[in-house]
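Two complexes follow with chain A in common, the first pairing it with chain B and the second with chain C.
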Partner chain A sequence: MSFWSYLSARHEQLLTDAFQHASAVFQCMVIATALGIAIGLVSYRSTWGGHLAITSTATMLTIPSLALIGLLIPLVGLGVPPTVIALTLYGLLPVVRNSIVGLRGVDPALVDAAKGIGMSRSAQLLRVELPLAWPPILTGIRVATQMLMGIAAIAAYASGPGLGNEIFRGIASLGSANALNQVLAGTIGIVILALLFDSAYVLLGRLTIPRGIRV
Partner chain B sequence: MSETDGRGSTSGATIRLENLTKRYPGNPNPSVDDVSMDIKAGETVVFVGPSGCGKSTTLKMINRLIEPTSGRIRIGDEDVTDMDPVKLRRKIGYAIQSSGLFPHMTVAENIALVPKMTGWSKAKVKDRVEEMLDLVGLDPREFHGRYPRQLSGGQQQRVGVARALAADPPVLLMDEPFGAVDPITRDHLQDELIRLQHELHKTIVFVTHDFDEAIKLGDRIAVLRERSHIAQFDTPEAILTNPTDDFVSGFVGAGAALKRLNLTRVRDVEIADFPTVSVDDPLQRIFNALRGGAGNELLMLDRRGRPYKWLRRGDLMRAKGSLARAGQLVHDTVTRDATLHDALEAVLTDSGGRVAVTGRRGEYIGVVDMETLMNSVHEMLEADRLAAAEHRHDLEELRHHRTEQELEGGADSP
Partner chain C sequence: MNTTSRQRPSGERPPGEHDVKGHAFRDGIAAGAEEPAVVPQAPARRLTWSKLLVTPAVLALVLLATYLWITNIPLDPIEQNSLGGGNVRLRLWQQIQLVAISTFWVLIIAIPLGIALTRGGMRRTAPLFTAVANIGQATPAIGLLALLVIWLGIGPSTAIVGMVAYAVLPVLSNTVAGLRAVDPQLVEAARGIGMTGAGRLVKVELPLAVPLILAGVRTALVLNVGTATLATFGGGGGLGDLITSGIQTQRMPVLVLGSVLTVVLALFLDWLASLAETVLTPRGLEA
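After this line comes the complex of A and B, so read on.
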């Protein structure tokens, strides 16, 4: 069976997998972004706290994804939970690091000015520091999403959702007629999804980064 | 805020610093040591001193960006030392070096920040933004929607001042606001600030390390030495002609007589009339004016009444009757708020030894020449000498009468 006829025969299953893949990555990124920015906000003012946040999230990233998912299975079972936990943890590092770097990169004179004209602490954060730190934070989110696209494929190992299932099925039945097609379809699907997400981020950047600081 | 007199109807409030001290942990010496000072309402006081003398720290204690270790701050009749700092700062304008504008907000959004925070209505804020832009000499239609990075350094600084004044605070703190712009722009900005202050009568506390700037702007100058000790707190004239000690005279530097020129403005000297014609006048009338006038020179104004060309008798002849080619373009003018120093500079570089004085929109008002300047300077220095002699006389008398009493702070103790 050729690759094209494989695609047309299996497109329903493939689309479902692709949708689940995208939706898992998207939801985990939302959680990772919220958590990551929160961690950044809590820790960016202290040298010590910033180090701790960056180092601990970086350590998370050094754990091989297969091992992490494997370790999570006995704790939370199979399926969606280990996938979500693993993806969120992996997504944290770029967001946390870029939040801290971005927030620290805001010109202290501007923070001084914000305080000096009578902004409350929360107004300083919401109206000055976060908007100015947003471009690097968005870059962090973008990098994290790219990474999660690949890692999400491993989730199939814990019978999670997504295009990883195609790849694993193909690998498991190597030598059979459709093995290569399955692996190819899964991989190409992930690449296409990643590109789609990336262009969505470009658009998001256009919409959310104020014109005055856009490069 | 009344509707008729829209701009800056809240005039200044007094500021009183009482034994203000700031200590930082780990430093045995306080950065600011026991500063007491009374600043009158509507007065511009300049803190000047070498870098690291604590002048900026003292300023920042007024809006409590730095909390004093001990001492009290009073603004108007209110003790603000323990007030909510956020509320306090909304009543105090704050302008800093390199403008401090938020780059992600437009000019209008920057200016609207404080009025919005204090809960003004949308329409009122909008009007106020236009008014403030106009006040600092920027065309509201043109600059409204621009981002700070699309402005020059001088324009940014103007917007910074507009933002500081937007909520009409009685007090304005300025921390080396013109430190980061080029000398020519700085000069313009200083002139603008003087003009603004003429209109608004805020209480301004201004920090600089540039003594010339201090002389130009201050009603009174506080010369500060290390730990913010006040070496002398007096009018610029008194500091120039009568410095209390070597530290102050060292800071005043050489050329006190020349610096004295910075203390008088063009508005204070006699501005002479000069025969003028307009570019739209018929050629014959210009001829007649040239021939008929007492001097043999005319000032030609452009269509908006601004000085355009100096025309001498014979210029028209040489240019074969073509107005476009005749005469000499006016290359320098001064406003009525310019200092005599600026006027002298302009007169010296002008080939004819005079400079045209213009109003706010650049329109012609009159002319100042070398002779007028010389006479005014002579009168001025004479008056200063008299005042200084009188001051010395007073001091001696005071000493004579109170030999057994201790002389306190302000007097010139031996």
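After this line comes the complex of A and C, so read on.
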């Protein structure tokens, strides 16, 4: 069976897998972004706190994904829970790190000016610091999303959702006629999803980065 | 006196570049709009007792706890089969071999290639490599490995080819970024005092690029430990074998032992690489 006829024969299954892959990565990325920015906000003012936040999330990233998933299975079982937890944890570092770097990079004079015109602490954060720190945070989200695409594929081994299932089906049927088609479809599907997400982020950046600091 | 001489602090890369596991991703979009104020400097570079002791001590404790747990629970025949007879030692050794061999090849390929790409006429091919690198980053490691297995057959050497292919790009881009970040004035000065091309490379550019190159090596090591776990899907052995057989046979002790050993090995190698970074960075570059 050629690759094209394989695609047309299995397109429903493939589209479902692709949708589940994208939705798992997207949802975990939303959680990771919210958590990551929160951690950044809590810790960026203290040298010690920022260091702790970055070191601990960096340690997380050093752990091979199959091993983290393996450690999660005894705790939460197979399927969606270990996938979501692993993806969220791996998504944290780039967001935390770039939030801290971005927030620390905001010119103190601007924050001082905001205070001077009577803004409350939360208004300073929401209307001055976060918008100025947003471009690096968005870069962090982009980098994290790309990484999660690949990790989500591995999570399929623990019965997680997504295109990784296609790859593992191919590995399981090595030597059969369809093995190459399955692996190719899964891999190319993930690359395409990653590129689509990437362009979505470029668009999001255009829409959300304040005009004043756009290059 | 030139007041704007901005020698890049070690570790900074040109705007728009970012990295995943070497963690150097800062800003990509608005780098020029507002030069970010220099972030409070990275922690002191010299070796300290805490740097030397904390990680190995924690890892040793984790290993000890796992050992005590495994030796004190009753194991059924399947578990005994997976964990006994030197199988664990064999898998650990395979994992270390996979990581060592692939990292060796990554360095042999990526660093000279990175140097070549910043010399003379080759410079123009750099955008091509960046494009390949971007697509390469989007390719899932497991997909790449599976394709190689179909192409080259199963076995450890296929896994090593996959690991090398996967880790070459970060080291390559770090080497190129490191050499590009060298202040052109310093190279010019070196030329001015009559150094040859090779002399400039060996005595000026490479030492200044050492921090970024080492960061790339550390990245490769971490990536390789992760990808080596996947070698099991291509019949390459390694600790991934324990993890997958633990999942397939639903035997938690096997799964946990495999995972713990993988994690400990990854963190230990990362710690070794961080020591190497500290020791090998030229003193003059310390912040």
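Just so we're on the same page, the second predicted complex is superposed on the first by the 215 of 215 C-alpha atoms of A that agree within 3 Å, B and C clash if a C-alpha of one lies under 4 Å from a C-alpha of the other, contacts with A are read in each partner's own complex, and residues count from 1 in each chain.
Convention: contacts are C-beta pairs under 8 Å (C-beta built on N, C-alpha and C of every residue); 3 or more make two chains touch, one makes a residue touch a chain.
No experiment lies behind these values; they were computed from the predicted model shown.
With chain A as the common reference, chain B sits beside chain C without any clash.
In the superposed model, A:A123 makes contact with chain B only, not with chain C. Of the two partner chains, chain C is the only one that A:P74 touches; chain B does not reach it. Applying the stated contact rule after C-alpha superposition, one finds that A:A114 touches chain B and leaves chain C untouched. Here chain B and chain C are compared by how many residues of chain A each touches, and C touches more. Annotation: apex chain A, arms to chain B and chain C, angle 100° (C-alpha centres, rounded to a multiple of 10). Once chain A of one complex is fitted onto chain A of the other, the partner contacts of A:L132 extend to both chain B and chain C. When both complexes are overlaid on chain A, the residue A:L184 reaches chain C alone and has no touch with chain B. Once chain A of one complex is fitted onto chain A of the other, the partner contacts of A:I167 are limited to chain C, with no touch recorded for chain B.
In the superposed model, A:S199 makes contact with neither chain B nor chain C. In the superposition on chain A, A:R211 contacts chain B only, with no contact to chain C. Contacts of A:S65 after superposition on the shared chain: chain C is touched, whereas chain B is not. After superposing the two complexes on chain A, the shortest C-alpha to C-alpha distance between chain B and chain C comes to 9 Å.
Residues 132, 213 of chain A lie at the contact with chain B in one complex and at the contact with chain C in the other.
Taken in their complex, chain A has these residues touching chain B: 109-110, 112-120, 123, 127-128, 131-132, 210-213.
Note for the complex: chain C touches chain A at residues 18, 20-21, 23, 25-34, 36-37, 39-40, 43, 135, 137-144, 146-147, 149-150, 154, 222, 225-226, 228-230, 233-234, 239-240, 243-244, 246-247, 252, 255-256, 258-260, 262-263, 266-267, 270. Across the complex, chain A meets chain C through its residues 47, 51, 58-59, 61-68, 70-71, 73-74, 78, 93-94, 97-98, 101-102, 104-105, 107, 132, 135-136, 138-140, 142-143, 146-147, 149-150, 153-154, 157-158, 164, 167-168, 170-171, 174, 179-180, 183-184, 186-187, 190-191, 194-195, 198, 205, 209, 213-215. Looking at the complex, you find that chain B touches chain A at residues 63, 65, 86-92, 94, 96-98, 100-106, 113-114, 117, 147-149, 163-164, 173.
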